[in-house]
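Here chain A shows up in two complexes: once beside chain B, once beside chain C.
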Partner chain A sequence: MGGPGLSRIVAVAANTFRETVRERVLYNLLFFALLMTASSLLLGQLSIRQDEKIVKDLGLASVDIFGTVIALFIGVGLIGKEIERRSLHPLLARPLRRHEFLLGKFVGLGVTLLVNTLLMSLGLFATLLLRYRRADPALLKAVLAIYMSLLLVVAVTLFFSTLATSTLVATLFSLGVVVAGRYSEVIRNMRDVTNVPEWVVTGLYWALPNFHNFDIKTEVVHGDPVALAALGYMAAYLVIYAAILLLLAQIAFSRRDLQ
Partner chain B sequence: MRPTLLGVLALCALIPVVQGRLDASLGEHRDQRSVLYLDSGQHVRRVVPGFEDLAADLYWLRTIQYYGGQRAFANQKTFALLRPLIEITTALDPRFELAYRYGAIFMSEPNPLGAGRPEEGIQILEQGVAALPGSWRLRFEMGSAYYFFLRDPERAAAALQAGARLPEAPFWMESLAARFLLAQDRNSSREIWRRQAEMSEGYMRENAVHHLKLLDSLDTRDAARGLVERYRQERGRLPASLEDLVTAGHARAVPTDASGRPLAYDPTTGSVEIARDSPYWRLRYD
Partner chain C sequence: MSDEAVIWLEGIAKSYPTGFLHRAKRQALEALSLDVRRGEIFGFLGPNGAGKTTTIKILMGLVFPDSGRGRVLGLDLQDPEWKARTGYLPEQPYFYDYLTPLEYLDYAGRLSGVETGRRRELAERLLESVALQDARHVPVRRFSKGMSQRLGLAQALINDPELVILDEPMSGLDPIGRRLVRDVILGLRKQGKTVFFSTHILPDAEALCDRVALLRQGRLVKSGSIEEILGADPGRVEVLVSGATGAVEGVVSSEQMGERTRHVVEQTQLVGILARLESRGARIVAVSPLRQSLEDYFVKEMGPQPHGPWADLG
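On to the complex of A and B.
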């Protein structure tokens, strides 16, 4: 991919970012700010001095939940809406290849999620610093892991939105895979408790995106060390899995009749 | 637009009125009829993959609300859901040290202050020790529970000795264990509650301070009993009131408990007790 290709991807990404911000996606930050303020003020009384742990748990879970919801519901609309509104045709009539369009969409939503995740993390750190006069920098490792999982969700949604003919179907499939990916441990343990052949269970375990890999919230909140190597392996898993999904999405998208 | 907005505002103003009527007819603080739809931590884990810690926090908040609700409002303080709530919390986050510690106290405190089931309180602490073998605080709580709630100084001392061997254990755990084995006396109790107050915050600290003041009140009561007996031996009769002890020069002031309430005195029998309206009054003090 040469210079012009890259600039076209950047243009699509910038446009996608502007579009998602215009759709008031970042309004969830307001709710997050209220949640953080209320929890830091009220939980001290309710939790018997466990409020700091709960603020951390709540903050990280919010980054995860809000990010996943945005990635899922905005992600499935990125391609589908363009097709349904027929706004894709004039775009592709320009010197813009389909895979560039797809990659631009992925990067654009990735940037939106990055901004959202960074602002939420800032909110969490500000709450901890103002309320408890300390904020553990190790929390950033959990935030980074969550962000990587969000990028994987975007890849999943883009894959299904290029395959499915309607946004609803793409949403249902993406939601199903993301939820199943969070149950990867349960799927692995099915080997011991069901009569399903082991190769089927193992195959399913390998095939589904393992979102459990990116969940280090417990370790970080309890102060356990998380090796940088583990974050490196997470990044490698993300790159490999997202590349597979985006390549498959590109194949499906290139074969798709958009008329 | 304006009439609609006014309509919304009018309806908003009606909410407190209707809520007030509901509270008046149903009671503002009703006995909570709590139900646990998921009664095992493993079941809850299945529902919230990736968010077990947050679920543990929510269950912990619910445990505290349930405990407080039972203590304050329930007619029959059975604390039936307390154990499952603690178990779910700790199954969701097995390293939630405070849930084991406070949970065990909630379970062990005699009814109506707690569930009155100290054996189950100790079981919770044992689960905590299995999950957090390096926690000396859990061993300390276990020693306290054996000592206060089960009157078993030997097992209390064993728990403290096991805790004293842990790397971060404070120096006094070993000596406290030795003291348990020597005598089950008020000073040993005072030592435990003093340590508890030092290492705790919030409810636990208040609870420890309350027990320290209770022990002070018992000391005052015992001293007053001694003065009454001395008065009787000197004068051949019981004092008519505790003021007589001051008049006779045996006491500088009328003895009071830690809340400042005068002790209850019966001039016919000479018995001195903590007054029934005192926060330190108990039916039994053993």
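On to the complex of A and C.
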């Protein structure tokens, strides 16, 4: 992929960013995320000496949950809507390759999520600074981990939307995988409590994206150290898992008839 | 393959899976071969479901053929590089409703590798040529169907293409819109571009095309110039007169068309019949060699269809 290829990916990414920032649902979710962070101040007053932790806990949880919802629901429509509405046709009739389109979509939503995550984190830091006159920079490590998990959510949605014949099916599968991946520890423990063969449970545990790997909220909130190597491990996991998903998505998409 | 061929297809076949579990197959195209020459306006004609859109989608790489091969602008069909020199208008186009026409044209031009400075200039010029200059900052979601179609035409031309492929460009347009599309197509021919368009609106094809191909149920029925296909019947002449004439001796057939009457007569009888018509007070409006219309040819060639595929024949 040379210069023109890169420039086409950037064009698709820029348009995807423009598309997503013009989605009204993004602002609604962003508003609720900031509201949740601010409302943690009220909850914090109910407990003794734990109030700062509650604000951090709820703030990070809202960055995580609302970010995941945005990644999931905007991500699943990125390709699905284009196929259903056929807006993709005049684009693929240009020198644009299908894998360039896919990568552009991934990067575009990745940038939107970055801006979004930064805005939500800014809300959290502003709340902490206004209330306690301090904000722990270690929180940024948890925010970075959340952002990496959001990119993995986008890869999951792109994979299913290139495979599925309708956006609804893609949404259901993506939602199922993301929820199951967030509770992967539960799946691992299933072998002790169910009659499901161990190889099925182990296979499922390894096949599903492990979102639990990206969850360092509790450590950060309690002030436990998080090694940079842990973040490096997350990044490596993200790159490998997302690359496999995008490659499979490309294989499915490259031969798909767009009727 | 002729050196002049801008589009060359050979033995293209395509079937779609249908039915429960996709076990049955519907043959959309059967061994289609076609060539479109440089600088011509080529009409791709057939009723709905004949395989016109499938052929165009195979050309554009949106749908993959089961078999066959092709070349466009001298390059292999699978090589996307020829697309930088081609424009395409899909059937019933949909454009991002959150963009304005200027933003969309800029995006489309960027994907085709048009330089930044040139994109704006081309976009402004094209919007003017499709009468959308006043709507250039209006989001596409507020566009009527006709406006979307015209934007579709503009985006197909944003890279100043050598070859323009249009899928049903007149469909859904009012008479003014149809006229505009016709003018754009004729303008492209003047610039030496090649235009390949599909339509089921036969008078438009007859007025515009140098050559046509007729498709029916996925098979090529005939291709050639309009003259070759329609031909002229040298033995017969059409006489158009105004005023009622009643039955005239020697006339093969007569047809009342409002105030006028159209008589078909044998060439050998023409002089006598003209004199007879004038003696009855009829005014001769036109005398021309008898040529059937493309529509007549179609109905004759394709035959009546039980489900009326020509119901929308315009």
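What we mean here is this: the second predicted complex is superposed on the first by the 242 of 259 C-alpha atoms of A that agree within 3 Å, B and C clash if a C-alpha of one lies under 4 Å from a C-alpha of the other, contacts with A are read in each partner's own complex, and residues count from 1 in each chain.
The definition used in the following text is that contacts are C-beta pairs under 8 Å (C-beta built on N, C-alpha and C of every residue); 3 or more make two chains touch, one makes a residue touch a chain.
Treat the numbers as computed from the prediction; the structure is a model and nothing was measured.
Asker: Putting chain B and chain C on the same copy of chain A, do they fit or clash?
Answerer: Overlaying the two structures gives chain B and chain C room side by side.
Asker: Per the contact definition in the header, classify A:R85: touching chain B only (first), chain C only (second), both, or neither.
Answerer: second
Asker: With the two structures laid over each other on chain A, which partner does A:A61 touch: chain B (first), chain C (second), both, or neither?
Answerer: Touch partner of A:A61: chain B, not chain C.
Asker: Touching A:H222, do we find chain B (first), chain C (second), both, or neither?
Answerer: first
Asker: First (chain B), second (chain C), both or neither: which does A:A126 touch?
Answerer: After superposition on chain A, A:A126 lies in contact with neither partner.
Asker: One more residue to check, A:V186. First (chain B), second (chain C), both or neither?
Answerer: Touch status of A:V186: first partner only.
Asker: Applying the document's definition of touch, where does A:K53 land relative to chain B and chain C: first, second, both, or neither?
Answerer: first
Asker: Please state, to the nearest 10 degrees, the angle that the Cα centres of chain B and chain C subtend at the Cα centre of chain A after superposition.
Answerer: Between the chain B and chain C centres, as viewed from chain A, the angle is 150 degrees.
Asker: Using the touch definition from the top, say if A:L35 reaches chain B (first), chain C (second), both or neither.
Answerer: neither
Asker: Applying the touch criterion given at the start, work out whether A:H212 contacts chain B, chain C, both or neither, answering first, second, both or neither.
Answerer: first
Asker: For the overlay built on chain A, what is the smallest gap between any CA atom of chain B and any CA atom of chain C, in Å?
Answerer: 21
Asker: Can you check the complex and tell me which residues of chain A touch chain B?
Answerer: Per the stated touch rule, the residues are 43, 46-50, 53-54, 57-58, 61, 64-65, 182-183, 185-186, 211-212, 215, 217-218, 221-222.
Asker: Along chain C, where are the residues that touch chain A in the complex?
Answerer: Touch residues, chain C against chain A: 16, 57, 60-64, 80-81, 83-84, 86, 88-90, 92-96, 98-99, 103, 107-108, 110-113, 152, 155-156, 159, 165.
Asker: Any idea which chain B residues touch chain A in the complex?
Answerer: So the residues of chain B in touch with chain A come to 46, 49-54, 56-57, 60-61, 64-65, 93, 95, 98, 102, 201-204.
Asker: For chain A, which residues count as touching chain C in their complex?
Answerer: On the chain A side, the touching residues are 4, 7-8, 11-12, 15, 18-19, 22, 85-87, 89-97, 255, 257-259.
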